[in-house]
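Chains: A, B, C and D, in written order; residue numbering restarts at 1 for each.
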Amino acid sequence: MIIQKQQYTNLHADLQRTVPEHQEKFTFRKLMRTQNIGTILILVLLFAACSLTTETFFKFNNIMNITRQVSMVGIMACGVTFVIISGSLDLSIGQIYMLTSIVACKLTHVNILLAILLPIAAGALCGLLNGVLVGYFRLHPLITTMGTQSIFLALGYALSEGHPIRAAENEFFRQIGQGNILGCIPVPSLIFALIVAFTWFLLKKTTYGRKVYLVGGNPEAARFSGFSFVKVTMINYIFAGALAGLSGIVVCSRMMSGVPSMGTGYEFQVMTAVILGGVSFSGGKGSIFGTLIGMLIVGVLNNSYIQWGIPSSVQYFFQGVIFIIAVVLDTMHERKLGLVS
Amino acid sequence: MKKKQKLLLWLSDNSIFFLLSIILVLAALVGKSFYTKANLMLLLKETSLYGIIAIGITFVLLLGFTDMSIGPQVSMFSVIAILASQRFGLASMVLSCVLLSIISGLLNGLLVSKVHVVPFITTLGTMTVFKGIALILAGGKPIASSLLTVYDIYTYELLGVPISIVVFLIFLIIAAYLLYFTKFGLQVYACGGNLESAKAAGINTDRITIICYLLSAFCASCAGAFYASRMGVGSPVLGDNYTLPVIASCVIGGIRSTGGKGNFVKTFCGVLFMQIIYNLMAMSGFDAYTQYFVIGVVILGVLFLDKYTEKVQKINLAQE
Amino acid sequence: MKNNQYILEVNGVDKSFPGVKALSQVSLRVRSGEVMGIVGENGAGKSTLIKVLTGIHQRDSGSVRIDGKEVRFQSTQDALDRGVVCIYQEINIVPLLDVGKNIFLHNLPMKFRRLDRKVMYQKTRRILEDLEMNISERELAGNLSIAQQQMIEIARAISRDARIIIMDEPTSSLSEKEVRILFRVIRSLKEKGITFLFVSHKIDEIKEITDHITIFRDGCTIAELDTKTAQVDQIIHHMIGRTIENYYNKLPSIIGNVVLKVENFSGKRFKDVSFEVRSGEVLGFFGLVGAGRSEIMRAIFGVDPHFKGNVVMTGRQINIQSPKDAIHYGIGLVPEDRKHEGLVLNLSVMINTTMASLQSIQYMGVINSKKERNEVLQYKNNLQIKTPDIKQLVANLSGGNQQKVVVAKWLMNAPKVLILDEPTRGIDVGTKAEIYSLISKLAKLGVAIIIVSSELPELMGLCDRIMTVYEGRITGVLNVNETTDAEVLSYALGGLNVR
Amino acid sequence: MKKFLALVLSFILLLSLLASCSGKGETPVTKNSSSTVAAKDGKKTIAYITPDSRSPFPVKYSSAWKEECSKRDWEAVILDGAGDAAKQLSLIESLVAQKVDMICVTPIDSTAIGSGLKIAYDAGIPTMTVNADCDEAFHKYTIGYIGTPNFTFGYRSGECMAEALGNKPDKNIIICSLHDGFQASMDIVDGFKQAIKDKCGNVNYLDEQPGKSDKAISQALMEDWIVKYGDKIDAVFGADDTVAVGCINALKANNMLGKVIVVGAGGDGDGLPAIKNGEMYGTTYQSAAAEVSLVFENIELYFAGKPLQKEEEWKMELPIITKDNVDGYEPAY
C-alpha cells in the first residue's frame, strides 16, 4: 500500500495547536545576535581608524590593492573553510600552493591552456592524498598534513631544482594575475569574489554544504542519516587542494615566476583568516562570509602597518593581540547566545 | 589465551618500542658512523634539548589540548635569557626565564580554561604574540651576549655527562613521578579521559589546565635558556619550526592527541626516534629535498603503524 | 537514628535564569534514611533543584538546611563536603582509568604525598563486595557495561561517605535485572541510614522504591504524597495537570502483508535472527540490555556489518551495505543514543529535521530553503516541538523535544518501516504519551514499526507481537493478547522454546 | 606493572647509551693530525653546511660545491641548516662525529656558530667559514674565511644606488629587506645604509619592511608604499633581486617606473632581464661558482700545508651591474 507524504505530516492533526512562529523583525538586538559580530566590529573599527588617521587609506585604488593582495590567500582560505568545518585540518595548503605555481610556471612554456588546467588538477591530486590519508585511513589530521607538507615541499624542489622558475611571456596568461576589468577592478580580486560567491552558495545552499556541516558537527549522527565521513572529508580536501591550485596559477601569472621558498607560513595566514571567521575546531561551525571578514581583517591590518609605518617586529605582536581579542569576543558572544553546546 | 591477548594488547599499545628497535638496527646498517661515542652523545644532546620541550607539551597533550605557541616561546625565552645575562650576569639567565615563563603559561592557561577559547586557536594567537615580543625585545635581529661565560651553562658537565642531558633526565624523572605517583598526575589523566566527568567528580579542571600550561611554558623557558647558552645568541626566530616536530614526536611516541593516554617513557622514545631520523638524514648526505621527502614519508608511515596497532587493539577488546 | 528528624529541608527556594523562572517557592523535607521520589515533566524544575542542592547553581532566595543547619554551597566540592552527592543520568566515569581510580578520583588515599595504590585497591575491593559486584578493581571502566558503570558511581558516592545521594534517572539505561540489583543496593544503604532523592519518570519504579513522593510542575512543588496511599493516575494527574486517558492509546490498525522480512541474519553480537513485520503492525523487541537487540537493528539499518542472512523488503530481496541504502529503501531508525547517533547538537532544529530527507527538498543539489522551512514548521506544529524558533540549536531543547526532532526527521523521509530503539528513554510522561500515540497512529497509517525497549509495560501496551532476545538469539515470539509479563520475562531470561 | 616494566626497560636503554658515551669521545686530536687523515687515502670528504637550502643562492652554491669536488674526485657532503642556527651547530657536531676532512659553513649567525667551530677545533677537524664570516672571537678556531660578507654586498648596492642618485643627500629611500630576525638580511641593509651615508650624506628612509624574498609579498608592500608616499619616493632598495623585481612589478602597474630608481642585489635571473630593459637601475653581482672555486683553491693550499691566501690576494670584487655592462653576465642563479 502506498502512503501519501501528506498523511505523515498531518499525523497529529487532532491535537494540533499551531505554535505561533515569532516574527522576524530587524532590531538592534537582532543585529547584535548575528554571528561573528565581534570580528565585524573589529573590521569596521580598523577601517574607521585607518580612514580617519591617514588620508591615503580610504582611496579607491588602495581598497582595490587590499582586495588584490588578499585574493591569493583568500582563495585558499575558502577551500580550507570546508576542511575545517568538517572537523579536519590542512597544514599542507601553503606547499600545495607553491607546488602548483611552479607547475604552472613550467607549463607556460608548453601550452597556456595546460598551464591553466593542469595546476588545478595537480592541486586536487595533492588534496586527494591528504583526503585519502585523513578521510579513508582516519589518520590524525594535524600530523598527517604536516607530513604531506614536507612531501609537497620536496616535490616542489624536485620540480624546480631549488632555482626560481620563470614563466613564458603570454599576454592572456599575464592578464589573470595583473590585468584589470573596466580598467579599475583587478582580475585576482574578481576571481576571489567569484570563488567567495561560489563557495558561499555551495556551503549555504546546496545539499553538499549541508553534509559538510553535519559531518563536522557529529560524524556518527551523520552516518546514521546516510552521509559518509570518508566521502565528505575526501571531497573537501580535494576541493581545498584545487583552490590552492587556482591561487597558485594566479600568483604565478602575477609574478611570472615560482620559487620553492614561497609557500612557507601561508598555512598559518590561511588559518588565521578562517579562525577569525569563527570556525571552531570541534567542527560544524563557520561560514564563508566569516572567512571573508577574517581575510579582510588580515588585509586591512597589513595595509595599516604601512599606513602607520609600524616596524615589522611590532606587527606580529599587533596581529596576535587583534587575533586574540577577536576570538575572545566571539567565544564570549557565543556563550552568551548559548550557541555552544 | 587471555594472558596472550593481554600481552599482545600491551605490545600493540607500545608500538614505539618496536619502531625504536627497528630504527636502531637500521641505523647500524645505514649510518656509517652512527654507533660512535661522539655521535651517540650528540644524539642524546639533541634529544635532551627537544625532549625538555616535549616533556612540557606532553602534559598539555595528555589533557587533550595542544600548544602551538611552544616554539615561539622557546625563541622568546632564548632572547630573554641573553638580555638577562647581559644585565644581571649568568645566574639570572635561567632564573629570569623561569620567572617569566609563569606569565606566558598563565596567559595560555587562563584563555583556555576561564575564557573557554579552543586551545588550538588560543595558542595559535599567543604564538604570534610571543614571536612579536621576541622580535621587539631583540630589535628584529639575533642578539649576541657580551660575556663569554654564557657558554658555560651548556658546556658544563656532571661526571662527564653534559648538563643538558642531566637536566633532561631529572625533568623526565620528576615528570614521570608527578604523573604516576601523585594526585595531580591522576587528575591530568582523568581530565584528558573525559573533562566533563572529571569536573563532575569534583576535580578543579581549570586549575589542572592552568598548571599544565604553566609546566609547558616552564619547560619551553628552560629549553630557551639552554639554546641561548649553546649559541651565545638569542634568536627571535629560532623556535619557529620546532612546534610541529615536537608535537609530532609526542604523538609518534604514543601520546594520544585526544588526551588521557600516554606516559613520559613514550614521549622520550618518540623524541629519540625523531632525532635518530634527523641524525641519520644528516649522515646520509641526501640533498635537502630528499631529506624533507623521507621525513614526511616516515611520519606518515608511523601514523599508519599506530592506526594498525589501534585496530589490533580494538579486535582484541571485542574478543574479550 | 530518630526517624522524625529531617536531614534535608528546602524552604521556599527561588531560582531564575535570564528569561525563565526555573524554581519558585520550592519546598521539600526529607527524613534521614528514607527514599524521596521526585517526579515531574521535563522542565518542571527537578534538575534545577538538583543543581542548586549540589552547588552548581546558587539559589536566589529561600533556605536549604541540612541537619537543621543552614547551608549555601558555592561549588560541588562544598556539597561533597557536606555529604551531598548526585549521580547524574549521563554516566560520569573516566573510561581510560580503572575502576579503583574512578571510585577514588576525588579523595585518593595518599601515603607521604604519594598515591597509595595498595590501600586504594583494597578499599575498592571492599566496596565492590558490599555492592555484590564481581569485577576486577583494575578493569578499565571503559570496558564495563552501562549498569556496572553506574554502580561504580554509586560506589564512588559511598566511598565519599555520602549521607544524601541524589539519583537523576538512574534506571533509564538499566535492564530489568540490573534495576533489581540497584534497588537492592538502595534498600541496603537505606538501612545504613543513607538518604536518597530518587528522580525518575518511571512511575512504577517510584511506587516501588520510594517512601514519599514530591511532585514538580512548572518550577513549583505541587504536592507531597505518601507512596503507600498514592495512586498512579493521581500522580500523573499532578504531574501534567491533566489526566491522560488510556496512557498507551493503541488504535486498531489493519495488519496488511509482510513489508520487512529478515532471514537467518547473523552478525557480531547476534546469530540466526529471523522475523518479519507486516504493514500496520507494531513489533516489539524485548530483552536485557546487551542482549543484542540494538545490534540487530543497527545491522539491519546497515550501520554495522552482518556476516550472513538476507533482508527481504516487500517481496524483493535487498542488500543494505550502509544507512544510505536503508534510507533509500524506506527504513528509518530512531537510535538508542539520541545525543550521539540521532542529532547534531550544535546545529539548528531545522537542519536536524531535514537531514535524512535532503533528497526531497533539493533540486539538482540545491536546497529549496522555502520548502524546507515550511515542511519543518509543519512538523514542528504537528509534533508539538516546543522551541521558540526552528533556528534554535537542538542542544537547547529538552530531552523529549529532542526525541521528537529525531522522530520528525524520519517521518519526513516517509518510511515504510520505522525502527525505534528505546524511544522513550529519559522522556517525561507527557511526551511519552505523545510518542506512544504517534506510534500507533503511524501503525494505523500502515507503517511497519519495530520497537526495541527494556520497559515491558510499554511493549505490552503498544505492540501486537513481542520477540524476546537473549544473548543474540530470538528466544520467543509472543502474541501480546495471549501472553503475560511473566511469560515474556521468562523467555527474555533465556527460556527456550522457539516457535 | 607493565608501565613500570616499560619505565625500567627504557632506562636500561638510556643508561647503556650514556655508558657508551661516558668520557665523551676520544682524546682531542691535534690539528696537524688532519694531514695524517689526509694521508690515509687521497680521497677527501669536504662538507658544506648551507644557511637554508630553501632559497636559491645556497642551492646554486651547493651545486657549484659538488662540481668542484667531483673535479678533484673528492666527496662532497652538503647539509642543510634550514635557517636554524642551532641546527647548524648540531650538524657540525655530527660532521665531527663522521670525521670528515674539512667542514665549511656559511653561518646563519656569526656568534652562534662559534661554539660549533670550537668543537670541531677540539676534535682536530679544520673548519672554514665561507660566504659569510663568524665573529673575530672565533677566528682562532677556523683556518680562515673566504667569501663576500653580506655587509660589503649591501655596501656595493649602496654605492650603485648613490651613483644613481648622483651622490645627492636628502633623498627619500624605501628599503625592502628579507627576513625578520636573520642576521644576513640585517647586514645587507646596514651595509647599504653605510654606503649611502658615505656617498650621499644623510638621506631620509621612508620605511623598511621585510619582503621575505617573496615577490608576492614585496609587490604588495610596494603597492601600499605607493599609495602612502606616492611621488615622494625617489628610490627603492630590494635586499635581493627577487623582492626588487616584486617592487618593480608594483611600480610598473602604477606606471611610476621612470620616476623611481630601483636597485637590487644578487644579479639573478629576475634581476638581469629587468636591468636589460631598463626597469631596474642596477644590482650587485654575486657569483656562487667563482666564490666556490676560490674556496677550493684555498682548501687545496691548506691540505698542501701552505698558508691560505691573504684577504687582499683573493679579494673578490663584487661587480656592479648596470645597463652598460649587463650583457657580459650570466644570471648568478
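Please note the rule applied: a contact is a pair of C-beta atoms (placed from the backbone, for glycine too) under 8 Å apart; a residue touches a chain by one contact, two chains touch by 3 or more.
Quick caveat: nothing in here was measured; it's all calculated off a predicted structure.
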Chains touching both subunit C and subunit D, listed by label: A, B
Contact-richer chain pair [A-B vs A-D]: A-B
Most widely separated chain from subunit B, with each centre as the mean of CA atoms: C
Subunit B-subunit D separation of Cα centroids, rounded to whole Å: 31
Separation of subunit A from subunit D, taking each centre as the mean of its C-alpha atoms, in whole Å: 36
CA centroid of subunit B to CA centroid of subunit C, Å: 44
Sequence positions of subunit A contacting 2 or more other chains: 162, 282, 311-313, 316, 340
Multi-chain contact residues (two or more partners), subunit B: 135, 138, 140, 180, 236, 287-289
Each pair of chains that touches, named by its two labels: A-B, A-C, A-D, B-C, B-D
Subunit A to subunit C touching residues, read off their complex: 1, 3, 5, 7-13, 15-19, 21-22, 205-208, 210, 213-214, 217-218, 220-228, 282, 284-285, 338-341
Of all residues in subunit B, those that touch subunit C in their complex: 180-183, 185-187, 189-190, 192-194, 196-198, 200-204, 260-261, 317-318, 320
Contacting residues of subunit D [partner subunit A, same complex]: 53-56, 59-60, 180, 207-210, 213-216, 219-221, 223-225, 227-228, 230, 242, 246, 249, 253, 268-270, 333
Complex contact set, residues of subunit C against subunit A: 256, 279, 301, 303, 322-324, 326-328, 333, 335, 340-347, 351, 355-356, 358-360, 362, 365-367, 369, 375, 377-386, 388-389, 393, 395-396, 409, 411-412, 414, 416, 434, 438, 441-442, 445-447
In the complex with subunit D, residue positions of subunit B that touch it: 10, 14, 17, 20, 32-33, 36-46, 49, 134-135, 138, 140-142, 144-145, 148, 151, 154-155, 157, 159-162, 165, 169, 176, 180, 227, 230-233, 235-238, 241, 263, 265, 268-269, 279, 282-283, 285, 287-289, 291
